[in-house]
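These are the structures, in structure tokens.
In the two complexes that follow, chain A is the common piece, with chain B as its partner first and chain C second.
This part shows the complex of A and B:
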């Protein structure tokens, strides 16, 4: 501590150590938040449902997604990434997951939303297994923090079924 | 900066940074604003730098009073003791 340079160095290292500690505690404080998000999805219409020339099934849906994700936001939340996935089982794969819609929520004010949309990404099966198929629509979210650990969770909504015939 | 001043500057630096960190964290947590925490802490770091880095007069209140050369010559210089030489050599082996 006997010269300007030594004092500046000591202060800087100590300040940055404490900053890292603060960020660590801020990340830890997210564990005290117990979120209770809600979500509903309605399939309003099956726009079309057909077999592509290469043999894979493809379906187009009109969806109504409403969700309240306000409780996911804490002081350490930068943004929340949400995506809606269709999940179903086929003889070949025990878990098929097709992303139909996604979005980035950048603030708590926008985290209670209702969206009326057709599927943003194509709902294509690997094969021809979709006729009469029961499937779940699952809303997944990734809570991206300003510092520290990312939280991942989802809500499963079951009881959806595709028609038995192409249309 | 004298010995006492160095001690004071170091303790002051550590105390102020910890204090600003605690105040910033609590304020940020209560207000739910990460940015507020960072701003308070940044202000604290700047203020601490200004107080503890420059060689202010308050860190020089206890100057060392060295003996005059003429006085020092009247007293024998401390000699290295006879045992220390061989011991050092033994330890090197």
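This part shows the complex of A and C:
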């Protein structure tokens, strides 16, 4: 009954239970954080805008993204994955989401940033619908915890429009 | 001789009982594990509710040996979600992030493009020859929760099978020899 094996087993079980409980509590504590991030995006320039040989429209943008994501960080946050997506509707597709830029923020110190960039991923439509198209730029973030549940949210910035002609 | 025979009988009856109890407790362990797994499958709607990260393509978010909890609902797939997908002709599922989504107006079908956070380019090179997009049927689930390090147990066991056999043997021995 009180052999070494039993004691080792009891100790291990207890340790794992406590560890699991602490992981659960750490993840649960994230729910008490109510973040209020802010973001602004400007389209500084349309670098070029063309129809590819296969018939799909492609555009290249220069963007200025500034955001303050400090309030997303808690003690259980490992990193925040942040990305900017162009979102628009076409006759064929009810939803188009094209990621233009993304970044990984590993600490609170780096979570207030301003960057000036061209689109990191190609902005290609399925078809030729981009001329004069209104679109939203949405800043999404994905909070990755040290352990437990992941959180996602976004800020939608609307009122962007592509030019009526290729250039 | 009668006394010895009695003793042997008592040992025999005891052994049968003990063996039966142990067999039942072993069966309980196995079936409860199966119940938990199948129950998780029902709740999450994913054919494998828990996956182990095998590559470093999502670092620093997910490292090799981390465990992901998957969920598969009817909610539409959106950019930014981390999905687990199977490519035709490849056996091992891949955990990557969705970067582009095109959803059809009439049928609601989706075309999805993925990329690993730590990879330079998108996943078109990983897809089957000539495949440009993933469809709904390729996707096994989306990651909703995360637990570090625990998956190392399965990685070690698949890569060094001898450790698995030693572990199973030791556990079996423990179950058989334990009295209570």
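In this section, the second predicted complex is superposed on the first by the 166 of 167 C-alpha atoms of A that agree within 3 Å, B and C clash if a C-alpha of one lies under 4 Å from a C-alpha of the other, contacts with A are read in each partner's own complex, and residues count from 1 in each chain.
Note that contacts are C-beta pairs under 8 Å (C-beta built on N, C-alpha and C of every residue); 3 or more make two chains touch, one makes a residue touch a chain.
On a predicted model such as this, the values are computed, not experimentally measured, just so you know.
After superposition on chain A, the partners chain B and chain C are seen to fit next to each other with no clash. Using the contact criterion defined above for the overlaid structures, shared-chain residue A:75 touches chain B, although it does not reach chain C. Once the two complexes are overlaid on the shared chain, A:133 sits clear of chain B and of chain C alike.
In the superposition on chain A, A:94 contacts chain C only, with no contact to chain B.
By the touch criterion defined above, A:2 lies against chain B but remains apart from chain C after alignment on the C-alpha atoms of chain A.
Remark: in the superposition on chain A the angle formed at chain A by the CA centres of chain B and chain C amounts to 40 degrees, rounded in steps of 10.
Legend: residue contacts after superposition of the two complexes on their common chain; A:83 is shown touching chain C, with no touch to chain B.
By the touch criterion stated above, A:146 is placed in contact with chain B and with chain C alike. When the two complexes are overlaid on their common chain A, residue A:25 makes contact with chain B while staying clear of chain C. Between chain B and chain C, it is C that contacts the larger number of residues in chain A.
Chain B and chain C never share a C-alpha pair closer than 11 Å once the two structures are laid over each other.
In the superposition on chain A, the residues of chain A contacting both chain B and chain C are 1, 146. Residue ranges on chain A touching chain C, taken from their complex, read 1, 5, 23, 27, 78-79, 81, 83, 85, 90-99, 102, 104, 106, 121, 126, 140, 142, 144-150, 152.
On the chain C side of its complex with chain A, the touching residues are 60-62, 76, 78-82, 97, 99-105, 108, 111, 117, 122, 143-148, 174, 180. Those residues of chain B lying in contact with chain A across their complex are 1, 6-7, 9-10, 13-14, 17-18, 21, 24-25, 28-29, 31-34, 37, 41, 45, 48-49, 52-55. Residues 1-2, 4, 7-8, 10-11, 14-15, 18-19, 21-22, 25-26, 29, 74-76, 146 of chain A are the ones touching chain B in the complex.
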